[in-house]
């Protein structure tokens, strides 16, 4: 017997025809990028306003909050978790900062405190998920209720207009050529780049993928799975806290009613972006593209004059299509 | 002790009880440098308990474990790993979506030298690929390409990746707990070849297996467990497969003292 | 608040369950401390109040006014609410529990004018007086009486002001609606169109967006509408948060001069926006009055057996800083004095 292990070509599963197209589309963010480009092409043909720099800037501005929350959501989903509380955590952040600044406290301190409190909520959910092994869906569903109630009790039913320059700074605009750009947009894109780096260029990121992909393997090779999961939820909640700051810049009013659908919107963006709800597969740029797809649809359909309810319908179709594609490519891999 | 080669790992009188059940009733064990030692035994003979003691997963109630002649105490499997002992499990310890090189270095990723690695904690992907390829070549483990996702590999190759990882990082010895139990015949052959390649590198291997033909193909010596004791320490040359099975099941007396009823 | 949050910040590095429990505890205690106490002795007349949500300042004020009036009259008020605007099911279960609690009368602001009909019938069959506040039921005589703004009429006022402000210019109307299917939303929408003199489906309506009465959606909707139709010159908004969002979009587009932004509701924040010139005019309604009058009617019934009937309009006024000829309006000072929330 030869001591060489032969690897005949048949050991590698063939990738041809339909299967290979499927695999390519399922590899994030290729499929979602195609969809985004297709919508952009369609809207730039049927309207003459879509491609205007100010309009494109608008689409991104409108995507800043959900886009940022979706970054944290991506991290959580990569570990095969889910976070239903991200929007409510961000609202808690806006209310804490908004109310305390209204009460006359120092803006920087209030902002930092708000972000710290948001992060602590992540410590709570991360601890419950990683130490008590509670299902993330239930933990974050519970926190959604708790955080929402806390927010409303703190706000006493009122909203707090934000006049402070620091809190609303992220909404300030500068121009790049003729394109208006807000600092919030820059921060969001910067966060995407940062998370891309962390996910793809550091051991932490690679281990996050491994934990979502195969938690038992991650444990067997000695990755501290519990600690990593705790850090993911904590880090995600820190991003939600930053999302709160971006929200105050976009809408300079801390309103307990705001962002009620942000959790589902961000999950939508992550899923359309090609990240698998089963964990371990996905791409952070896909999430940005998923967010932009929803923004482009909302904007484009308004420009065309189509009832905005169609946006929800098309988004729903895309979500199901994205998950179906993921599932199909999973079956092919098995 | 007048062994031809030095003993890498040794246990003396290991006892492990679970309530009233005595899983290990005073087990002696020895692993020589550069050998493949098979540990066999019927279900309930105490194989897996012994392996857990050797890999640091559990602590014995009595007796001592020696590594390179030094008495040691493992606080956890991680502790055993730090001391150079790697374990391969029956369960596939690979992340299917990650590529081969990433899986090889999973949990032990290499960082770049200099500030990029120290401050930005940047992975040294080229080096990991290069090293992974070098190790695979040394083990004569041919793979479609170090950047292929593990899920593109056959079951035997996937387990091969886990075995290779153990071989790369083990400094003292490799423990393999039923590594081929979930594999087909041809795939099993691939893993057995790897085990031989590891031995050829000079690393001793403890192979726990149910499969007699496998054991007789690769083992230098065979440690037979029965009722929580070692009943024989033999080798494929002095006993036939049928004899070993007979010792294992109690139909034939072993070479070591017979356990009291 | 600041004090209570600090210890939580210190425990940031703790990773144990204890820490998480402590944080949860802090959040809860902070919440409880800022919350309002309720529940007192038995043997009192119990009056129930079911509002649309607990978070809209409009309903918070309505509840507070009812609570204050209940104190004056020495009755016990149990206030419940739906979870969100449109939560019919939540309102029905709230009414069910109020019936079990032995309420003499129930005031309800129906999320949907037909959503609570069955439970209202059940309550009345048990001799409980049911009064609709803010929003009429359909049919209106399903309840004993309704204390509300005539929202259609209020919408008409808003529309009339808009028409006067356009001063003969051809309207290019953007409509920032509330929630599709909402009763009040529909009355206001239709009233506005009647007041401005545009029929539904007229091309003068260049676009509509649903805002759920929220600022962020108002802003996003208005931004997109302005991108599509830079020539918009008049805007209808369902309430002032939506109007504030619209204003942010209009200001960013540099069109504050060319667009007449109108709203409706009369919240104190809305009056501030009017005073600041962000909103041209808003139509104010009087939730405190509804709550006071409704509660008084129930107490009266409990004591004397006399029932109120029919629709009692609690009135609405245009509040504006720039009064226009031919449109009856009140000034900002009146608005500041009478606003809710």
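A, B and C are the chain letters, set down in written order, and residue numbers restart from 1 in every chain.
Assume a residue touches a chain if its C-beta (ideal position, glycine included) is under 8 Å from a C-beta of that chain, and two chains touch if they have at least 3 such contacts.
Note that the coordinates shown come from a computational prediction; the quantities given were computed from them, not determined experimentally.
J.: By label order, what chains touch chain A and chain B together?
T.: Of all the chains present, none is in contact with both chain A and chain B.
J.: Can you name the chain whose C-alpha mean lies closest to the mean of all the C-alpha atoms?
T.: Chain nearest the overall C-alpha centroid, as shown: A.
J.: Using C-alpha centroids, which chain lies at the maximum separation from chain A?
T.: B
J.: Between chain A and chain B, what is the separation of their C-alpha centroids in Å?
T.: 42
J.: In angstrom, rounded to a whole number, how far apart do the mean CA points of chain A and chain C lie?
T.: Centre separation, chain A to chain C: 32 Å.
J.: Using mean CA coordinates as chain centres, what's the gap between chain B and chain C in Å?
T.: 71
J.: List the residues on chain C that touch chain A in their complex, please.
T.: Touch residues, chain C against chain A: 1-2, 5, 8-9, 11-12, 15-17, 19-20, 23-24, 27-28, 30-32, 34-35, 54-57, 59-60, 84, 180, 207, 209-210, 212-216, 219-221, 223-225, 227-228, 241, 244-245, 248, 252, 269, 341.
J.: Given the complex with chain C, which residues does chain A contribute to the contact?
T.: 47, 49, 52, 54-55, 58, 61-62, 65, 96, 99-100, 103, 105, 113, 116-117, 119-121, 123-124, 127-128, 131-132, 146-147, 149-150, 152-159, 161, 173, 180, 230, 247, 250-253, 255-260, 298-299, 302-305, 308-309
J.: Which of the residues in chain A end up touching chain B in this complex?
T.: 1-7, 11-13, 197, 201-204, 206-207, 209-210, 213-214, 216-218, 220-223, 280-281, 333
J.: For the complex, which residues does chain B have touching chain A?
T.: Residues of chain B touching chain A: 77-78, 81, 89, 91-98, 102, 106-109, 111, 120-123, 140-144, 148, 151-154, 157, 160, 165, 189-190, 193-194, 196-197, 200.
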